[in-house]
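Look for chain A in each of the two complexes below; its partner is chain B in the first and chain C in the second.
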Partner chain A sequence: MSSPILTRLAFAGSLKAGATVEARWSAAHPMDSGFRVDDSGQKIPRNIIHTVKVLLNEQLILEADLGTAMTSPVYLAFPVQVPAGGGWVRVLWMDDAGQAGETTQRLVV
Partner chain B sequence: MRWAAFQFAGWAVWLCAIPLTLTAQTASSSSLQSGNAFLSADLLAMQNDATRNPAQLWLEQGRKLWGNAPQKGICFECHGQAQSMKGVATQFPKWSRTQQKLINLEDQILICTQRSSKPLKGLENPDVLALSALLHDTSQGLPFRMSAAQGDEVPWQDALNKGAEQFTTRAGRMNLACTHCHELNIGKQMRADVISPAHPTGFPIFKMSWQSMGSIDRRLRACYSGVQAEVPAPGSQALRQLELFLKVRAQGLPVDGPSLRR
Partner chain C sequence: MTLPDFCVPDDPQRRKGMLWAASACFMSTHLSGQATSMSDMSSEGIELVFPRLADTGNAVPLQASIRAPEGTYIQSLRVILPENPNPVALQLKLHGEPQSYQLNTRLRLAASQSVWVVAAFGNGMARANSAPTVITSTACLDDS
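For the complex of A and B:
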């Protein structure tokens, strides 16, 4: 349980200034929907990543409220326009258990 | 007349022999297939696209854990670059003389990390799977080379025989042995799945139904549960012996793990 949540951010497309690439973020979070029960019949409390924020060079470009229908590992794909000179994309996430994390990846032009 | 009849008989023998040898050949080459040959086009595309392949999460973590500088307490300190471990994944399971039992790559990783600054516990620990994924990745394309180390031939052969025995022994409420699906019904549909020849070249696997990475240990246990047999405990010798037999059986096929499964 205490093992860290693996996350990953990758870009698909040509990284040129002005071009639009697809950013693909995934996180190996258990995404417990709250509907399952454990072996003793007790409900497993909901624990999903409920908020994802994406920053491009510290500017918010996407904010998503996720629901229980998300897969595990979570997979989000969104377009990012590559700024002149490149920059950094930061994906911040928060889950129901109060755990939070961040994935940072450089956009190299 | 007699000569003609003899000649005819000779031809008949030849004609019969040709299709026989052909089928024998196709059978042997088609039975050496990686599990990847049974993936749907969509899954195969996902596997080949590093930006979408979920196994990359573990692979990246594996690289992080391995490190790339001789820091104290990490894999790099003893082993150097991960690339220097090329071929290691092709040799497990091995007979461990000190433990007097078969150990596979995940067991070895667990043993190794007890000496590091980050001792790991549990075969399905994400970090163990991450390192296993990394080591399999560095051996990708190399054929499995199962053999006994000098002096260990007797226990190794004994383990292999036990694995072969399990493969052909009926078990569970379904009363099926491995061989009934994975040799006699290859390519046929079992519900939504196509039965593969069980050549374990793609481990560790990211299995969609698990929504996670898993080792060959876990996958074999899933098979026991599938035929409603008593499931061996994680890490038990029965699973290692079966793994050894399966890998000897797949000898010649290259490592192609980590890979995706349905």
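For the complex of A and C:
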């Protein structure tokens, strides 16, 4: 499958240097758990986003290993401390089909 | 179409999900030299917001707020659903040695059960808390 996966990254909270905001990331990925079958009875192979990495100004702040219990669309919200002068938050992900992508959002102070 | 039991993996250990999840904990506390099961861990500093009743298991929101004990930091977090075919829902490795952390996510549940959040701290200590929920239909048999 190679259709683009829509992702979204937003921040909630006051964007001031030193403050902690909540970063909310979601991806419209099918997250096939591997337990379901299609109409003809064929097993749908597992294809979930299994790895997510979050970087703040190119520094790794969070590594996540996701299991089949994560919903579709995937939703993950985590705290980010706003650095002085703001910066960029990058969320990198990879799924079982080998597809990978990234969501980048600017932290404007 | 006959209804296949695709929700149940071929693994005979499924019912022992709790044990399995507990053994995952042994690994996390391995460095401290003492293995403790999740239910024996202190739940201090871990607060969970999880609905007591959910219509479907398709998307159950979980909020976990974790505060590290004095003098240490949160190293990793693990979300475990013992009754799911794959009990480990999420593992987080936190960088930057945070004292407190708030996580929000949405989980798929195969059955009514308690969600467990296990936090491992920088000093080798681990704490865990659980919150029960009742679901009226499983996420495994649904289309979404």
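Simple rule for what comes next: the second predicted complex is superposed on the first by the 107 of 109 C-alpha atoms of A that agree within 3 Å, B and C clash if a C-alpha of one lies under 4 Å from a C-alpha of the other, contacts with A are read in each partner's own complex, and residues count from 1 in each chain.
In the analysis below, a residue touches a chain if its C-beta (ideal position, glycine included) is under 8 Å from a C-beta of that chain, and two chains touch if they have at least 3 such contacts.
This one's a predicted model, so the numbers in the text were calculated from it and none came from an experiment.
When both complexes are superposed on chain A, chain B and chain C end up sitting side by side without clashing. Vectors from the Cα centre of chain A to those of chain B and chain C enclose 100° in the overlay, to the nearest 10.
Counted by residues of chain A touched, the larger count belongs to C, out of chain B and chain C.
Within the superposed three-chain model, A:78 lies in touch with chain C and out of touch with chain B [touch as defined at top]. In the superposition on chain A, A:28 contacts chain B only, with no contact to chain C.
By the touch criterion defined above, A:104 lies against neither chain B nor chain C after alignment on the C-alpha atoms of chain A. Once the two complexes are overlaid on the shared chain, A:37 sits against chain C while remaining clear of chain B.
After overlaying the two complexes on the shared chain, residue contacts for A:66 are found with chain C alone; chain B is out of touch. Of the two partner chains placed by the overlay, only chain B lies in contact with A:8; chain C stays clear of it. Of all C-alpha pairs spanning chain B and chain C in the superposed arrangement, the closest lie 5 Å apart. Taken together, the two structures place residues 22, 24, 71-72, 75 of chain A in contact with chain B in one case and with chain C in the other. Listing the residues of chain A that touch chain B in their complex gives 3, 6-8, 10-12, 22, 24, 26-28, 31, 71-73, 75. Only residues 22, 24, 33, 35-37, 39, 41, 43, 59-72, 75-79, 81 of chain A touch chain C when the two sit together in their complex.
Those residues of chain B lying in contact with chain A across their complex are 49-52, 54, 56-58, 60-61, 125-127, 130, 211-212. Put simply, chain C touches chain A in their complex at residues 1, 4, 6-7, 9, 58-59, 79, 81, 84-86, 88-96, 98, 101-109, 140, 144.
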